[in-house]
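Questions regarding the structure given below will be posed in turn.
All chains are identified by letter, namely A, B, C, D, E and F, in their written order; residue positions are counted from 1 within each chain.
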Amino acid sequence: MKLYAVKLLTVTCEILAQKDVIEILKKHGITGYTTYEVDGNGARGIRGQGFKNEKNVKIEIIMREDKLQDVVEEISRTLFADFATVLYVSDVSVVRAEKF
Amino acid sequence: MKLYAVKLLTVTCEILAQKDVIEILKKHGITGYTTYEVDGNGARGIRGQGFKNEKNVKIEIIMREDKLQDVVEEISRTLFADFATVLYVSDVSVVRAEKF
Amino acid sequence: MKLYAVKLLTVTCEILAQKDVIEILKKHGITGYTTYEVDGNGARGIRGQGFKNEKNVKIEIIMREDKLQDVVEEISRTLFADFATVLYVSDVSVVRAEKF
Amino acid sequence: MDILQLIQSNLLTPVILFFLFGIIAARIKSDLKIPEAISEFLPIYLLAAIGLHGGIEMRNTGFENMLIPMLVAICLSLLFTLNHYQILRRLGNLSIFDSYALASTYGAVGAVTFSVGLSFLKNQGVASEGYLAAVLAVLEPVAFILAIFLTNMAVSKQIRTKKQSFVKDNASGIDVGFQETRTKLSQILHESITGKAIVILLGSIVIGYVIGESGFASIKIVFDDMFTGAIVIFMIEMGIVAGQRLDDIKKVGVFLTAFAVIVPTFNGVIGVLVATAMGLSLGGAVMFGLLLASASFIAAPAVLRHAIPQANPSLYITSALGITFPYNIIVLLPVMFTVSTFVHNMEGSIDLFHYVLKDWV
Amino acid sequence: MDILQLIQSNLLTPVILFFLFGIIAARIKSDLKIPEAISEFLPIYLLAAIGLHGGIEMRNTGFENMLIPMLVAICLSLLFTLNHYQILRRLGNLSIFDSYALASTYGAVGAVTFSVGLSFLKNQGVASEGYLAAVLAVLEPVAFILAIFLTNMAVSKQIRTKKQSFVKDNASGIDVGFQETRTKLSQILHESITGKAIVILLGSIVIGYVIGESGFASIKIVFDDMFTGAIVIFMIEMGIVAGQRLDDIKKVGVFLTAFAVIVPTFNGVIGVLVATAMGLSLGGAVMFGLLLASASFIAAPAVLRHAIPQANPSLYITSALGITFPYNIIVLLPVMFTVSTFVHNMEGSIDLFHYVLKDWV
Amino acid sequence: MDILQLIQSNLLTPVILFFLFGIIAARIKSDLKIPEAISEFLPIYLLAAIGLHGGIEMRNTGFENMLIPMLVAICLSLLFTLNHYQILRRLGNLSIFDSYALASTYGAVGAVTFSVGLSFLKNQGVASEGYLAAVLAVLEPVAFILAIFLTNMAVSKQIRTKKQSFVKDNASGIDVGFQETRTKLSQILHESITGKAIVILLGSIVIGYVIGESGFASIKIVFDDMFTGAIVIFMIEMGIVAGQRLDDIKKVGVFLTAFAVIVPTFNGVIGVLVATAMGLSLGGAVMFGLLLASASFIAAPAVLRHAIPQANPSLYITSALGITFPYNIIVLLPVMFTVSTFVHNMEGSIDLFHYVLKDWV
């Protein structure tokens, strides 16, 4: 079974910024992603106590390398200043490269 | 502390396919895994609204490279057609390689 | 957008060991991490049924390579014997290397 | 009260209004949502309440009379399931998998529908036989088992045919196929009868029977007085989920939409008539009809997704939850109530039939 | 009962005591926590109960009288929001974003505060006009919309100025900016009026109106009798969250702390007087005052974080939840009650004003 | 009613039956589960209800009489913990860690067991002293603190011995060890007295005391009338969790199984007798005995896993939840009730002892 190299982009951000991230993905023609709520600690303090809106969410997107740069650039530009956000990129292999 | 290279297989699928994936793992002698519920979007539309059965689950399995091919092959063959499923493989390092 | 290589340490352990892991991180000057509850199976049996205290938690820490060895060593030394724990390290790239 | 008036007065109960409200909330894309833990807990609570109530009733009235209605319900459910399959496969031209999945979805019963039925009767001030909770429990797996059995037969026949034409010599392969089918079948059987709905329902019936009215007193406020309020909360969530699926109805198509309305009506009215013939009360006949009319949309996916993974779940969930459920609780309940009232007023002839039937057994 | 006695007797009710308890639990770093699903569900439940109750009342008393109080509330809310902005920007020297965010947080209403107000009145054996639930629903988005509109205006003016000075030739860029602002505004408008709080509240008011007292009977135990108990549970969580934020009050500063106490007092007392002038009952005037005094700490972040992301959420959440909320429910409610009692006893003059007002309309 | 009859009638209450049902559901591998949020919330609710009730009672009856029973309970709890340790270490040959962990698990108290005890007494129409809720709160950390202290002593002695024999010169190492032990101890002390169970219980007692009967009226339906219903729901989950652990009982072994039955019986009966001697009522003596008989299975792991991580949690959870809990609520409660009834009927001699004791204090 041949595996194909693609990129996995992971964005950890405030739950209220999730919509913005997905909007950006959509703008770049990406509709596949996985999300889940997480707690966390970082420069903006502990998150995940108290109201649900103060939790974080992780958004994971498997994508081809060619879209990565633009997406990362737009998320950094529009969200880093105002929202608690961390993103990282890793290398993964998939079976059906055409799916992404 | 020496770290040993192993593989991390991640399967994101319908919650109702979880049992099938774990069955396959067991068949290949793998009993260690981590699971958690997630939401998602993909070719089969948004998942995670509505009934709990319509959520997704992520199953993460640290394993040695030699079993990887067979497991990936069997999951692809038996689940890709009927269930919303995405899988990817990444390289990770662990302390106790003998554990996996 | 330039990406910088850092390390991602992932610790999967009993929920009651979370505090110990975070204590260790703090000792090494690390305050950024992401956590979420997961279920699992491993050498210590199925975890995640029954009482909440018997669930697992995943703790993910993006960090620079230079601290990695010490943190991994201390977690292994202090927790592996008494708690259900698995840890692994992966390579990821981030935008703001100075943040970690 | 004539039928339209009855529909209208039913429409204006909190249970129905909050369901419609949920649909609207979903349609205007509100972020309103009943938290998952609550909407997972409520069906368990509702089934426990139904079961306790049923068990207590059975202690009061005995369960000798239960046997015939139970058997009749099982037979009707099996017959209906086969009938659904024929309609879906022949008239609807659906795939064999979708046909069996839908046939059993409509052959099975809906616990939520049953709850709404009970609160409808409460509202009308009419009682129903307690043992119908037991019929609900028993009926739940019946249609699934039949459908799964038939699907597996069909699949292994296909495999066998293929095998025979291509690899004449490989007989053991067929045996393996058979073996697998049987294993899978027993596994799914186990799954569906240990499913949470059946387990909590049967358990509560037994407990209700054991504790009786007096033992129930200390928990009556939670398991009886709060029942309708709890349904109302659950109906908000049901409405939201149904509302989110409304777009999918287009994909369901005209045929299946018609099926999702006509078949429950047919099953339900037959159910009312048969129940009346067996001597069930006015309310009991309505609930009996509702059992046969209702389609399963919570238990179904859990079982069918494993049993018939090739079937498209959005077909059976959408038609059962998005079309049949609202139709059943808004329109069909009042219709069946009217029919039941009507046939219970011409008691003579029916009772006659009843005695005949009793003599015959 | 004089005002201090009233504050004391209010302090010793379960609702307030469990709130204080929650604060203490958080301060001693206990791991006590109401599970997320429960604390997400409770506001939905409380709003449904408030709405149903309001709707039923409106059916009893008609809603002709609702129009003027509603319009007056909207006007006051808008005026107050503008006033807050001036205070915050001029006196407080806060950034334009923080000023607008805080202005609308205090211009908006707090549903939890409203619930506590209702239970306070219940405790005093005093009723209030049912239509105030509708005012609550309508008031919720008003302040946000104004603040968001003004912020967007301010931002696009800034952008325009920048553009004009730097890239004289690029006129279409401004248009795009305007376009974006308008899109964003309409989007946020949609978001805030389909927000769960408003939707469940309006829905329940309509349903309450439709079903009336008699339709409510079957769900009264859940949606009425359990109301205060449910508030108590929610107040534990509110106390915990407020307690966790107590450290942040230092960051809020002296100016904002004073603002968070003085402004609600001013708004609330004005509210009581105006409401009395409009002929609202003793309890109704208190609730009207409370609407204007309360600050939003659940709906606010959800809307403002998108609408004015540049504003620091910990400023508006901490001051609204950590300072204003406790102050409102512990001190201001009894104060407004005393004021309302006082002005309702000198009825003559007020009624006069009322008739004048009525003639005028 | 003789003892077997009492056990039987207890067995047939909803609380016990739903517990057994939960066990069965787990054994047949049903997917039935009470959602986590609900099963995390229920103990908080139950403790709040117990606390409020206890506080109100204490307001009615004063808490002068509380001191002696409280002190006696603490002493007995400490004595029993030491006794458990000896039995486990000497007779059972368990490791020092497992011995201390188990000793304190059985020295501590079980809040769920206490709730079931209250509902058992309610069923028998017998009251108990309100201040026992306070004893419950105080007793919770006592056994842990002793066990943790002793474990830490033992461990640092071990370390010291090692150090002395190997690295004679390194004295500061020992000091560090001591220091660490002390830090850890104070940390665990803080953790266990700010644990959610104690905090909500103490808080509710105080609030109950402050509000009294009249302040409680508005929340009585939630915190009193619904109590038994809520226990029933929680018992389903307890049954499921216990059922899932039934396989582990094999690993627990014969010795520990016997320990898990005999020790609670001994502690409980002693408790009943001592309580009767101190003048507690029939029901109060049963609850006092239950406090001493019960083992902790929710608070224990949370504290012990940190305090004595070397101990095997499945030993203490399985024996406390899988063996002692069912035994206590099904068999030992009726036994203690019978004993208490018996000794309360031979009042003369007991009262004598009581007066003697009173004189002595």
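The rule is simple: a residue touches a chain if its C-beta (ideal position, glycine included) is under 8 Å from a C-beta of that chain, and two chains touch if they have at least 3 such contacts.
The structure displayed is predicted, hence computed values, not measured ones.
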Can you list every chain in contact with both subunit C and subunit D?
B, F
Least step count from subunit B to subunit E, where 1 means the two chains touch
2
According to the touch definition, list the chains common to the neighbour sets of subunit B and subunit D.
none
The chain whose C-alpha centroid lies farthest from that of subunit A is chain F
Can you check which chain pair, B-C or D-E, has more C-beta pairs in contact?
D-E
Work out the mean Cα position per chain and let me know which chain is farthest from subunit B.
E
Centroid from C-alpha atoms only, then distance subunit C to subunit F, rounded to Å. What do you get?
34
Between subunit C and subunit E, centroid-to-centroid distance (C-alpha), Å:
42
Geometric centre distance via CA averages, subunit C-subunit A, whole Å:
20
Name the residues of subunit E that each touch 2 or more other chains.
35-38, 40, 221
Touching at least two other chains at once: which residues of subunit B meet that condition?
36, 90-91
Could you list each pair of chains that touch, in label order?
A-B, A-C, A-E, B-C, B-D, C-F, D-E, D-F, E-F
Subunit A - residues contacting subunit C, complex
10, 12, 36-43, 48, 56, 58, 69, 72-73, 76, 80, 86-91
Which residues of subunit F touch subunit E once you look at their complex with the stated criterion?
35-38, 40-41, 44-45, 190, 194-196, 199-200, 203, 206-207, 210-211, 215-216, 218-219, 221-223
Going by the contact rule set out above, which residues of subunit B touch subunit C in the complex?
1, 3, 6, 8, 31-36, 62, 90-96, 99
If you look only at subunit F, which of its residues touch subunit D in the complex?
12-14, 17-18, 21, 24-25, 28-38, 119, 122-123, 221, 225-226, 228-230, 232-233
Subunit F - residues contacting subunit C, complex:
36, 40, 240-241, 244-245, 298, 301-302, 305-306, 309-310, 317
